[in-house]
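Note that subunit A is present in both complexes that follow, paired respectively with subunit B and with subunit C.
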Partner chain A sequence: MPPGKPRPGSLLRSVRTVFLKDWRSELRTRYAVSALLMFVITTIAIILFSLGSESASADALSGMLWVVIFFASMSGLSRTFVMEEERGTTLTLQLAAPPAAVFFGKLLFNLVLVTGINAVTVLLYALFINGFVIRTMSIFVVTVVLGSIALAAASTVIAAIIARANTKGTLYPVLSFPIMLPLLLSVIEATRKASEGAFFAEAGGEFQLLISYIVVVVVSSSMLFEYIWKD
Partner chain B sequence: MSDAVRCTGRDIRKEFDRRSVFRGVSFAVERGETLLVTGRNGSGKSTLVKIICGVLSPTAGGVTLEVNGATSPDARLHAGLVAPYLQMFEEFSPLENLQIASGLRGMPFDRSRAAGLLERVGLAARLHDPVRTFSSGMKQRVKYAFALLHEPRLLVLDEPTANLDDEGIAVARGIMAEQRRRGALVVATNDPGDVETFERSVDLNAAG
Partner chain C sequence: MVLKITLGILLTAVIVFGIGLPMSPHPQAWYELPVIPGLEEKARIIFFHVPTAWLSVVAFLTSMWYAIRYLRSRDLAYDIRSSAAAGLGLMFCILATVTGAVWAKFNWGSYWNWDPRETSIFVLLLIYGAYFSLRSAVEVEEKRATLSSAYSIIAAVTVPFFIFIMPRIMPGLHPGSKGDPEGAGPVVDFKMSPNMRVIFFASLIAFTLLFQWMFSLRVRAAKIEAHNRQRG
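Entry: the complex of A and B
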């Protein structure tokens, strides 16, 4: 087959290359991981000092956990596209890779990043925050997994949009909040149920909403991405 | 490679925020030919170059790229670009950059071809050093290797000798001559010394 023609499986190879490029770049620079970890540690420390020896309600602790995760994601996940824009490599990617490969490669990278950071956040939160107890672990694990996927999916496409704007830093959380509100309400409610010891089936509604959210965001983002990416 | 290639631009107009950059730009260039794009600073040479490469949409009109008589749905597949505003992935070595370029295009990585290209542009001794440690001229050489890796039918050069020393300019001229034999060449420049011969030209000063 002559060079320049798309080959079977070439999209998968392109997706893998985008992911590995970002992964290796992160291993060398540790830019996003450092920003995320510092944010998580600082925020948990502030919550710890604010609470002192007091114990907050399950509602409040569930909400605070996802506030930490939401803002940590805001501080780190936008880097995937903003970094390309700042380094001037957006054009390089546009020239060489199909838009779908860039979207799914970046989505995969954000997913790995947010899953890792969420695991660390949950661990630190459980260790240091007084009164945060998970009684139904199955609900909590499914919530964190689905919440991480949904966060990665939404933040990837929002990052692609704001990377082209002049006010990148402030626009990201502002634009993310209304888009992520259904996701945040669901994960906070499911986490509350996990800490109150509800049966797994009782969180079924939240899980259905999260799965629907992921499907809608991934499908619509992959369809819109070419228009966001090209101009 | 002996494929026929023809790149045609028809009545292209580009506006940014309702400000017209150029209008009514038409051209055609085919295998064995060079299209020279000239114009003063701000006349839209780089904008036209990006439109030809398929990474920027025109406000009106369009560019078609035909390979062996069939219109390519995606110019990106067949075009290679070298430009001062094109950046390499600087935390990676030139060889890694070519590996990335190959993977992004969905092609298997041919290490010996990549090393050969880097040797041709004079970077054989720096294959494994991060690009961020390179001078601007060396980065320009990496861009040539990056653009040539997939054997583009259409090579688009914006300021082709920018940052290059005499040896680098000689390499760039050799690449331009070879591209004319195997495909089409587009050169956007204000330096008449950049292009020895050209068959077609577009003057963007007249299209503002």
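Entry: the complex of A and C
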């Protein structure tokens, strides 16, 4: 616990500072963005090659979209924390900002990153994959937005664990997959409903599940982060 | 000592009565189990499969409980308990998966059907696997304890989605799934006759005591190991 109670509003300000710091250093190298983009392009190309002239069912294609998104996130989202360890800036950041500010700053950064990448992925996927049709746009948009938030929430705390374990990402998908499975199952189900043209209300169960998942994961990881972050 | 004797008597009774009692279509005497259409002799799995699945969840929660205690106190003794519980949980989880899969082959036609409960036990297996690979990746004891505790708590808060929510909203083969004529809900009425119920709950208690005993053995062994390592 940092000595003295921080003034309300000062936490928000440090969250913003941490976010801006990551944002600027990302703009300088564009490492995460370019790695993620290339990953998405490569994966979609592989899907196109493996499909050849065959056409897969809309069911399979709506599931495959989330395979691309899941592994793309796994390739780039651990960056925010691993970077600090690699540069040796972890200690400085521990001194400069309270753990909650670091966590929410990084969460915000991952959220922006994953939302942007998902938007590009969905666009590319819809352009290049034949047979992928969305009949209920409203379900699909809400699914992608909620799915992005949930992905960012779960991946941020696992990234913090991975960075402290010094394993550089080999364990990242292994640790993330079981945690993310409720989210993956419900977004795949909701996307399937969107491509079948179900009514908006029919995907209500999936949305409730996603929202409660986001709340549970964000609350518990913000409580645990302090223990992970400080030695 | 009392624990071991009780455990011995209970487990022997459960095995003898669970496997040995005859089944009849119209049970009259206290020792006759009813025949459930479609299950027949295969219904006996409930005495052994359900307790192992129950224990894999109990072990998981025990592990999480000691993980919380560890993070609050930073006492490595709690980390030993947490990982011992997780190790036992992994074992019971494998047992539940294997017994379930073999049974499913004979009753539902294939070893694996991705029924929601099968999905959830699979995820539990993955979590245990991930937990132990995280532990083996970190060498510093305190760091390993902290990170694996944090992971087990994060995993524990998402597990209810599988055990309590997913099986209810997805159609499946296990009792208590969506579309079950007996009604979907967290409390599953197994359609058991009173004598089956007695064996079933005796088995649950026996397996829980077995877990308790194995857990204390493992914790003692791990403590001796840690002690020896410190002395070189």
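One rule holds in what follows: the second predicted complex is superposed on the first by the 223 of 231 C-alpha atoms of A that agree within 3 Å, B and C clash if a C-alpha of one lies under 4 Å from a C-alpha of the other, contacts with A are read in each partner's own complex, and residues count from 1 in each chain.
Criterion: contacts are C-beta pairs under 8 Å (C-beta built on N, C-alpha and C of every residue); 3 or more make two chains touch, one makes a residue touch a chain.
Just so it is clear, the model here is predicted, and its values are computed rather than measured.
Enquirer: Quick one: classify A:L181 as touching subunit B (first), subunit C (second), both or neither.
Expert: So A:L181 only meets subunit C here.
Enquirer: Taking the superposition as given, does A:Y125 touch the first partner, subunit B, the second, subunit C, both, or neither?
Expert: neither
Enquirer: Would you check which partner chain A:A97 touches, where first means subunit B only, second means subunit C only, and both and neither mean what they say?
Expert: In the superposition, A:A97 contacts subunit B only.
Enquirer: Quick check on the superposed pair: does A:R16 touch subunit B, subunit C, both, or neither? Answer first, second, both or neither.
Expert: After superposition on chain A, A:R16 lies in contact with subunit B alone.
Enquirer: Name the chain, either subunit B or subunit C, that contacts more residues of subunit A.
Expert: Partner touching more subunit A residues in the overlay: B.
Enquirer: Should A:S220 be classified as contacting the first partner (subunit B), the second (subunit C), both, or neither?
Expert: It touches subunit C, and subunit B stays clear.
Enquirer: Return first, second, both or neither, reflecting whether A:R24 touches subunit B, subunit C, both chains, or no partner chain.
Expert: A:R24 sits against subunit B, while subunit C stays out of touch.
Enquirer: Applying the document's definition of touch, where does A:I161 land relative to subunit B and subunit C: first, second, both, or neither?
Expert: second
Enquirer: Should A:F39 be classified as contacting the first partner (subunit B), the second (subunit C), both, or neither?
Expert: neither
Enquirer: On subunit A, which stretch or stretches are contacted by subunit B in one complex as well as by subunit C in the other?
Expert: Common to the two interfaces on subunit A: residues 231.
Enquirer: Write out the stretch or stretches of subunit A touching subunit B in their complex.
Expert: So the residues of subunit A touching subunit B come out as 2-7, 9-11, 13-14, 16-18, 20-21, 24-25, 28-29, 87-89, 91-98, 101, 230-231.
Enquirer: Taking the touch rule as given, give the residues of subunit B at its contact with subunit A in the complex, in rising order.
Expert: Touch residues, subunit B against subunit A: 1, 3, 50, 53, 55-57, 67, 74, 76-79, 81, 85-92, 100-108, 146, 150-153.
Enquirer: Which part of subunit C faces subunit A closely enough to touch in the complex?
Expert: Residues in contact with subunit A: 71, 119, 123, 126-127, 129-130, 133-134, 137-138, 142-143, 146-147, 149-151, 153-155, 157-158, 161-162, 165-166, 169.
Enquirer: Going by the contact rule set out above, which residues of subunit A touch subunit C in the complex?
Expert: Touching subunit C: residues 157-158, 161, 164-167, 171, 174-175, 177-179, 181-182, 185, 205, 209, 213, 216-217, 220-221, 224, 227-228, 231 of subunit A.
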